[in-house]
Amino acid sequence: MHRDFWAMGGYAFFVWPSIGLAIGVLIWNILSARRHHARALVRARRALAMARSETT
Amino acid sequence: MNGAAKMPEPAALLTAEKIHVWRGERHVLRGVSLKVESGRLLHLFGPNGTGKTTLLRVIAGLLRPEQGRVCWDGRPIGEAREQYQSAMAYASHEAALKADLTALENLRYAVGMKRRASETELRAALEETGVGGCADLPARVLSAGQKRRVAMARVLAMRASLWLLDEPYANLDTSGGALVSRLLEEHLDRGGLALVIAHHALELGRSIDRLELSP
Amino acid sequence: MNGAAKMPEPAALLTAEKIHVWRGERHVLRGVSLKVESGRLLHLFGPNGTGKTTLLRVIAGLLRPEQGRVCWDGRPIGEAREQYQSAMAYASHEAALKADLTALENLRYAVGMKRRASETELRAALEETGVGGCADLPARVLSAGQKRRVAMARVLAMRASLWLLDEPYANLDTSGGALVSRLLEEHLDRGGLALVIAHHALELGRSIDRLELSP
Amino acid sequence: MWTWFYKLASPPHAYRSAAAMAPWFLAAAAVMIVYGLVDGLVFAPPDYQQGDAFRIVYVHAPSAWLSLFAYTTMAVAGGIALIWRIKVGYAVAAAAAPIGASFTLAALATGSLWGRPMWGTYWAWDPRLTSELILLFLYFGVISLRQAFEDPARGDRAAALLGLVGVVNVPIVHFSVYWWNSLHQGGTVMRLGKPHMAPSMLWPLLAMLFGFMCFFGAVLCMRVRGEILDRERQSAWVRELVGA
Amino acid sequence: MSVGVLEAMSLVVRREMRLAFRRPDQLLQPLVFFLIVTTLFPLSLSPELSLLRDMAPGVLWVAALLSSLLSLETLFKGDAEDGTLEQLTLSAQPLVAIVIAKTIAHWLLSGAALVLMSPLVATALAIPVGAFPTMLASLALGTLTLSWLGAIGAGLTVGLRRGSVLLSLIVLPLAMPLLIFGASATDRAIGGEGSAGALYFLAALCVFTCTLAPFAAAAALRITLE
Amino acid sequence: MSVGVLEAMSLVVRREMRLAFRRPDQLLQPLVFFLIVTTLFPLSLSPELSLLRDMAPGVLWVAALLSSLLSLETLFKGDAEDGTLEQLTLSAQPLVAIVIAKTIAHWLLSGAALVLMSPLVATALAIPVGAFPTMLASLALGTLTLSWLGAIGAGLTVGLRRGSVLLSLIVLPLAMPLLIFGASATDRAIGGEGSAGALYFLAALCVFTCTLAPFAAAAALRITLE
């Protein structure tokens, strides 16, 4: 049963990469969105620091 | 058909309030304000790279400032675009000529968008700025000073009430400099307004306003 | 590594004999002759469109005259091309900068063809002409006067003995004008030669030669 | 009514509500995707023609559908921003572009992998396939146009305009199978009336579709927050937010 | 004394014409390109007429598309570089009118010329004379649509550093339906089948872009110039 | 302290590289063009693989030729317009050296990149993998030869008003043999036949142009710059 499942009726070479790729894209999206937000935060902090150093 | 007939009501007024512009990381214009009234000239000067050209482009409406606004006769120039543009003539650092068109054709196609000007009128404008002889030469072969004079002729032929001139004296010989000064005086006499960038003191035989941009 | 060390033997001499140039139907240069010796400056002036730029280009070897010849140290510049070019620096009406390269890179690739110049040297040249702060900005965003100053820095960094300058004062503020005059004086003090087009009287605190082209 | 709308679209409000919505979307997406994958890969019967290869549909169709949906979202958000000058719209458009591009890529890749066993080739110059490729190019065009401007505000507007213009490609992708005779099969799920599919195959597919949609909502919210922060870097509320 | 919009537009068109005839290369460039692409192709194939005829619509349309695209790059670029575009935008005339005038001039100078030349090329590609009317109509509609799409792209990319690649990247996806329908119309006409459907579609596309694209292009220009 | 010729040449090459990477469009333009031409073609045909495969060498070579040609136009033009070409000619270095350096840089940036990308395109055009070595070799030789021929053309036409058309007119006849032999080499390789003959011929052509063209190009440049 397990064998059969992983073999996908002989189409394993096509099915599993597809599934993997799709899951990869999902994960990439989450990671990159989080990184994007984190970087924006860093830039905003930097801008604030610059503004503060200018006024003082 | 007389130039004086086309001139503005004396009320014409240009104001700029607290203009701020950033270029890249530089805060080039930091809250510049100015006012030009009918019959007055404002001489804009200051060291290289302090933003004179930038300011003139903001006033011409070519550049939107990050803050501040420019008004013509009390209305922001963005709203009164058409009136403002037909009352204004702008001459930039470059002569803005099509290299493959003759001086006359350059005038015809640029001036013709603002007002109907006959060929004799255009030729007269070129004659007035001393490049009548080059009217039928392609702009490509003109000398630096000649190009500058053609650009001046374009300003003249537009019969605008507001002149925005970016270093009109550059590349001109001594007689050319005197000519520009005379044209400016006549323009002011007709009740026109002018905003002129120049690095040397302007001697116009009348009082002028001055605005210095500092680095 | 000192600038003065690289300077020419006092014998250096530039002559042009009976230069004739036609452009289109116009006989622009009608037998102009001139001579510049070591330590001397020739101020070329005259009304717009009389052929000053044309003459300078002939002397730089960019334009072959219909008649007449230009000699460097007694040899026609066509024959002594390499010596002549390595002894000469030319600054045209335009700044001749690559818009996408920074000011510093522009200098590196232009000066580097003539002599090995370290980056500090190039930066020093930019500093000297007052645009040290713009060294790493692309030429595209520089103001007109800043471009002109970078072009002047290029001339400086080439350490050439002959300077051919086409209106080096244009677009410069007052301090920039004084700077160019000072640079010219120092160049002449080192025994250099200079051929300068300018529309106003040059005040260099030393005697200079003058050549007027008339229409 | 309008003031309410503008308040809703005000950057700080949008920033906060995006943060509030994201986890819900993500949770819903996780549930549906996990169910869809398990049911689709393990329990659904093999197709009588395609055998087990048909299971690629569970990732291919949702990705492909999302590629179109994300583009539409991007164009609409950009259009709203352009017309009503609502800045958050630009943030949404900018956030949707990379997500959409990634799913377009996924659709192309999974489709290719499916094409090999079904049509005997990874790639053919078929209208559906080609127009999907064009969609990818459009995404690239929008993304690189935005980046080509030194001034971000102008980049936003230019990209929004291009997004709007390019939206014509979306119906082309969708209807290409009907307009041209195509290798690619026509609509099976997204079709008015009865779907041509056995329910045991259909349920997991629907779950995957909605799961992907929710996922899109979640990542969009997360990305939008970054975009808003970036655009509002100089504003008082962001300073307060990051200063605290 | 002030100048009407139509008058201003005709002035712009005349200006473009004058410039083009002053610089015949801008005029000839797309035509030469078109000719070259279509003549090179047969050269690179084994000289079988049947193969040639199968390919002909494709070659014709790809060549037309590319040569149109190449000339589109210069639609606003030259004017932007020498500062005359600034003068145009300050001319108190609506930007849309200027854009329309420039695009029409562009089409007259590239698209229309290309259509006129296509029978020559078609003969060389062994396209039967019977297919000429369809080919001409489809090319005329196609190049006009393309000029409009290109105006949007050119407006979006003028002054940008990556302008030219972006232009292709932007315009070609949009132009794909044109290519597909245009080539298929020509193909069917060669095969003696009816091609009215494809032609109608092209016409609809053309009307659609002609009405919307000027505004999009003007908006694009306003965004980039500002 | 004076600068050797080789040093100056390497400086020019580095300058071109820097400029190209500063303006990625000049770098990507020919590649994008190449990709697009090859993508558009199949679209305009009925999707039959056999037809596509017959056309593949032609499409590949015509696209390579055109994209090379397009980028050649800018070989000296940008420098001539902003005045830096004047500075280069006054740099006390032999003009031939400058021309060689610029042409090599051009080939590295367009031809070599194109060769590297061709397998991708070839796959999309259904060219069998077995034919790749021949295709790569012939394209490498062909684009290099073309760069040299193009340098002559670009030298002759820089600053001329009819520059670009003339360039095509000058270069394409010279490039014709390249196209014919290159396409036939690829074609034979696809068919599994030996293609050494055509490759040798291409190599001979390449060596021949590499030795003579620099002088011709420098002379051409000197004539137009006067």
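The first chain written gets the first letter, and so on, giving A, B, C, D, E and F; residue counts start at 1 in each chain.
Rule of thumb we're sticking to: a residue touches a chain if its C-beta (ideal position, glycine included) is under 8 Å from a C-beta of that chain, and two chains touch if they have at least 3 such contacts.
Here the structure is a predicted model, which means the values were calculated and not measured.
**Q** Just tell me the minimum hop count from chain C to chain E, counting one hop per pair of touching chains.
**A** So the least number of steps between the two chains is 2.
**Q** Looking at where chain B touches chain C, is over half of the residue numbers used by both copies, so same, or under half, so different?
**A** same
**Q** With respect to inter-chain C-beta contacts, which pair, A-D or C-F, contains the greater number?
**A** By the number of C-beta pairs in contact, the winner is A-D.
**Q** As a quick test, compute the distance in whole Å between the mean CA positions of chain E and chain F.
**A** The mean C-alpha positions of chain E and chain F differ by 26 Å.
**Q** CA centre of chain A versus CA centre of chain C: separation in Å?
**A** Measuring from centre to centre gives 58 Å for this pair.
**Q** Between chain D and chain F, what is the gap in Å from one C-alpha centre to the other?
**A** 40
**Q** Indicate the whole-number Å distance between the mean C-alpha point of chain B and the mean C-alpha point of chain C.
**A** Once rounded, the distance between the two centres reads 31 Å.
**Q** Give me the residues of chain B that touch two or more other chains.
**A** 24, 100
**Q** Where in chain E do residues touch two or more other chains at once?
**A** Residues 23, 161-162, 166, 169, 172, 176, 180, 226 of chain E each touch two or more of the other chains.
**Q** Mind pulling the chain D residues that touch 2 or more other chains?
**A** In chain D, 130 touch at least two other chains.
**Q** Every pair of chains that touch: which are they?
**A** Contact pairs between chains: A-D, B-C, B-E, C-F, D-E, D-F, E-F.
**Q** Given the complex with chain D, which residues does chain F contribute to the contact?
**A** On the chain F side, the touching residues are 39, 42-43, 45, 47, 49, 52, 123-124.
**Q** In their shared complex, at which residues does chain E touch chain D?
**A** Where chain E meets chain D, its residues are 152, 156-157, 160-162, 166, 169-170, 172-174, 176-177, 180, 216, 219-220, 223-224, 226.
**Q** Which positions of chain D touch chain A when the two form their complex?
**A** Touch list, chain D to chain A: 33, 37, 41-42, 46, 51-53, 55-56, 58-60, 63, 98-99, 102-103, 105-106, 109-110, 113-114, 116-117, 215, 219, 222-223, 225-227, 229-230, 233-234, 238-239, 241-243.
**Q** Under the definition above, what is the set of chain D residues touching chain F in their complex?
**A** These residues of chain D touch chain F: 121, 123-126, 130, 133, 183.
**Q** Considering the complex alone, what residue numbers of chain C touch chain B?
**A** Touching chain B from chain C are residues 23-24, 45-49, 53, 93, 130, 134, 137, 141-146, 148-149, 167, 170-177, 199-200.
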